[in-house]
Amino acid sequence: MKHFITSADTDSVPQLVQKALDVKRNPRRYDQLGRYKTLGLLFFNPSLRTRLSTQKAAQNLGMSVMVMNFDKDGWQLETEEGIVMNGGNAEHVKEAAAVIGQYCDIVGLRTFARLQDAQADYEEKVIHQFRQYAGVPVVSLESEIRHPLQSLTDLLTIEYHRAKAKLSGRPKVVLSWAPHIKALPQAVANSFLEWTALMDYEVMLTHPTGAELSPEFTQGVTIEYDQKKALKGADFVYIKNWSSFSNYGQVIQAPDWKITQEKMALTNRAKLMHCLPVRRNLVIDDAVLDSAQSIVIEQAGNRETAAQTVLIELLKYLQTQDEPSDLAQSLIL
Amino acid sequence: MKHFITSADTDSVPQLVQKALDVKRNPRRYDQLGRYKTLGLLFFNPSLRTRLSTQKAAQNLGMSVMVMNFDKDGWQLETEEGIVMNGGNAEHVKEAAAVIGQYCDIVGLRTFARLQDAQADYEEKVIHQFRQYAGVPVVSLESEIRHPLQSLTDLLTIEYHRAKAKLSGRPKVVLSWAPHIKALPQAVANSFLEWTALMDYEVMLTHPTGAELSPEFTQGVTIEYDQKKALKGADFVYIKNWSSFSNYGQVIQAPDWKITQEKMALTNRAKLMHCLPVRRNLVIDDAVLDSAQSIVIEQAGNRETAAQTVLIELLKYLQTQDEPSDLAQSLIL
Amino acid sequence: MKHFITSADTDSVPQLVQKALDVKRNPRRYDQLGRYKTLGLLFFNPSLRTRLSTQKAAQNLGMSVMVMNFDKDGWQLETEEGIVMNGGNAEHVKEAAAVIGQYCDIVGLRTFARLQDAQADYEEKVIHQFRQYAGVPVVSLESEIRHPLQSLTDLLTIEYHRAKAKLSGRPKVVLSWAPHIKALPQAVANSFLEWTALMDYEVMLTHPTGAELSPEFTQGVTIEYDQKKALKGADFVYIKNWSSFSNYGQVIQAPDWKITQEKMALTNRAKLMHCLPVRRNLVIDDAVLDSAQSIVIEQAGNRETAAQTVLIELLKYLQTQDEPSDLAQSLIL
């Protein structure tokens, strides 16, 4: 694995999930693998879970970590080709990425959808330019439209509970939209569909009319507009709000879609999942979040395992690369 | 010791001070104790001494440290129970604390008094909810009304100088209010009284009328409204401004309370202490701060020792806890 | 070397450059030298390259690093002597420096020119007060008027390429002003002249009328007001914008000074250098930056080597100092 931006960067999603389960069992197995290696984490947006879990994962592997809040500690980056840079952006991503690649062996990047221009967001320009110009592996810490570390976490959490509960057969996994007062990105939902499609699950998507996701991610997915019908018999219920794709970035009003105990009673004693942060009693009722069915905290804990798994794969990739630079230099000098 | 929020969290304040003196003598004794352990430092407010001294202390013990400026790198936390979260707070402290507890073995937290509502401040809600929900030891890096790391530092500094000067008998320790132009919290003064009450000191509190602290902290403390009388024969003079408790958060005007050489001459060649930052010539004159009587820099240096002592106690507590999770997981999987 | 603020802090600039070439060849040679030592990095202004490269350099030496964005995580510092601090500055640099020196073995500091008052900027007050009061070695991460880590990087880059290209004789090194839309400091240009003057180079400075630098830095330097004449036969071309010194802080309008392929064709196939960030097509054309002549990314990579070299020298200095404090304390206690 050379980068970690979409599921296409993995050799096999199910195998990566198995590796994550191994890491969860033996978290200290590779505690020297990252020695002398540095992870740079660049945040263009606020972050709690991703920030802390990825740092922790790197430290578990003996890596050094450098964290930078790019928007606050640095400046705005230009992404257009050929432009005369006489505006607000002080540096082109070409230079920024290449320079950061000089100091870091792996670079993690968080960007957010601005939710104003679907095309601009769906191009994921910054992270793709980092992939092109950094010269080192790039890890998405959530881009405008994908959140692969979250999805690996989600599959790890599902597989762990399937094994624990000795569930046989294909589990029914329901992704349900829920209400929110702010316009949120579609990244978590998009990635969840992208990744679960590669597992042997019965996946069902449920949301109000108007909350349809991009066809790029829903192709082949069963959509059920009746939330209660969808929840029936579910083994795992994944709750997430997102703003409109068709009416791009608009908040969708549907307060009835809040998750309640009554709705959870329709499921097959499903485990409740959410990527957090969650607004209590707006998205999910206290009674559900505080019940034994909720595994959101454990799920958040698995973020560390997912990040560690990805870093292990990338560090192993780096080991396969020659590092003749020191030798070459000593011949020259 | 399971947490470090108030003096009641310690088994014995005098014994903890003795342990701090030991750490000061042998700072590298436990340099592997924190191996594989991670300290999370969450700042809801600016900090210099606490930020750097606590990081340094953790590194002295071989711990990994993750620092997060919660207000800038993250978002606002909700502390109310049962509320419908449709306002400005994006995450409930229940989730935030529990999640951070997934990645950190010990969590440090700095919050500040808002100085608008005494009852709200004196509830110290955020840190108590972290204690309740984080699932790991919580260290106060200053809460709304207490600053226990500062108090442990202060006692360590006093005891060190008592031994150095071979002072016999109970030292006279005076806490004096001093002027300031801004409304400052009462935390340092409150904690100083809470902690010195547990030592064999003659403690005297002096401040202008109107600067009375909360009775919760002044019960049994001798209060002298004449600053010069109070300073007479003092062995240690602790200077600190605080805003009004009764007229909550109001700035108290009393410029005459500034500390001058003349006032210091009344003491028993007392050592001058202050938690810093200090506004020169407003709170304390240059001539006093730059004199040999001032030990404010050494006192600040002792912050590292105090933090290291607290972390050692908490790490030792963690060692007594079973960690069967890896084993349990490998049996399940 | 006790500090690293100006070239006068070095024993010999050419020797330091040789040491940097050694570090580039053997980057892991001193990977334990910084054990138990802590580097504090204080940023009063945004930074990308300096922030990351200096952290990385310290980690290469086994040092712990603490990074603080002083302006955001802390507060404003007072630099005036004897002032009554009843304004916006919450702490005097005397205390701040001395306290930070308690926790850090070496302190790095970035300040920026405000470009409003030449005399104030050219006093470099904050860094000189840190040198005076911190009690530990101080490293400039760029001050108002100098950027010595950049200059050491620049000389290392030039010497590396001289050796690689087997250039004999004195290389012609041209520092050329280039256009910009914002008022930038003179620090990089000043330091470049200060440091190249100590090497056996033919240095030429070229800029439009009105862009004269401070005589303090241009004394003895050949100035050529015709950019094309200056570039003729150059081996190394260093591009940098700066604002006016005489009309202090004013933006100089001279769009014709942009670096183009045509201009580069006048040189002796010169290597193109720039400290970055660079605004493409405003300062330097894409065609030049993306050509083989541009070594700006490698130059940025050398920032790590330069910082590592400086830290090695300072750590070696610290080793020569006695550290009797632990012993002294155990005798006292």
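For clarity, chains are labelled A, B and C in written order, and residue numbers in each chain start from 1.
Note that in this section a residue touches a chain if its C-beta (ideal position, glycine included) is under 8 Å from a C-beta of that chain, and two chains touch if they have at least 3 such contacts.
Owing to the predicted nature of the structure, the values given are computational and were not obtained by experimental measurement.
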Homomeric contact chain A-chain C: same or different residue positions, threshold half
different
Write the angle of the rotation needed to overlay chain A on chain B, where the fit uses Cα atoms and the result is rounded to the nearest 5°.
120
Distance between the centres, which are taken as Cα means, of chain C and chain A, whole angstrom:
38
Counting only residues that touch at least two other chains, what does the list for chain C look like?
72
Flag every residue of chain A that touches chain C in the complex, lowest number first.
36, 38, 40, 64, 66, 68, 70, 72-75, 78, 82-86, 90-92, 94-96, 98-100, 102-104, 326, 329-330, 332-333
Contacting residues of chain B [partner chain C, same complex]:
21, 24-28, 31, 43, 46-49, 51-53, 55-56, 59, 69, 72, 160, 163-164, 181, 276-282, 286, 296-297, 300-301, 304
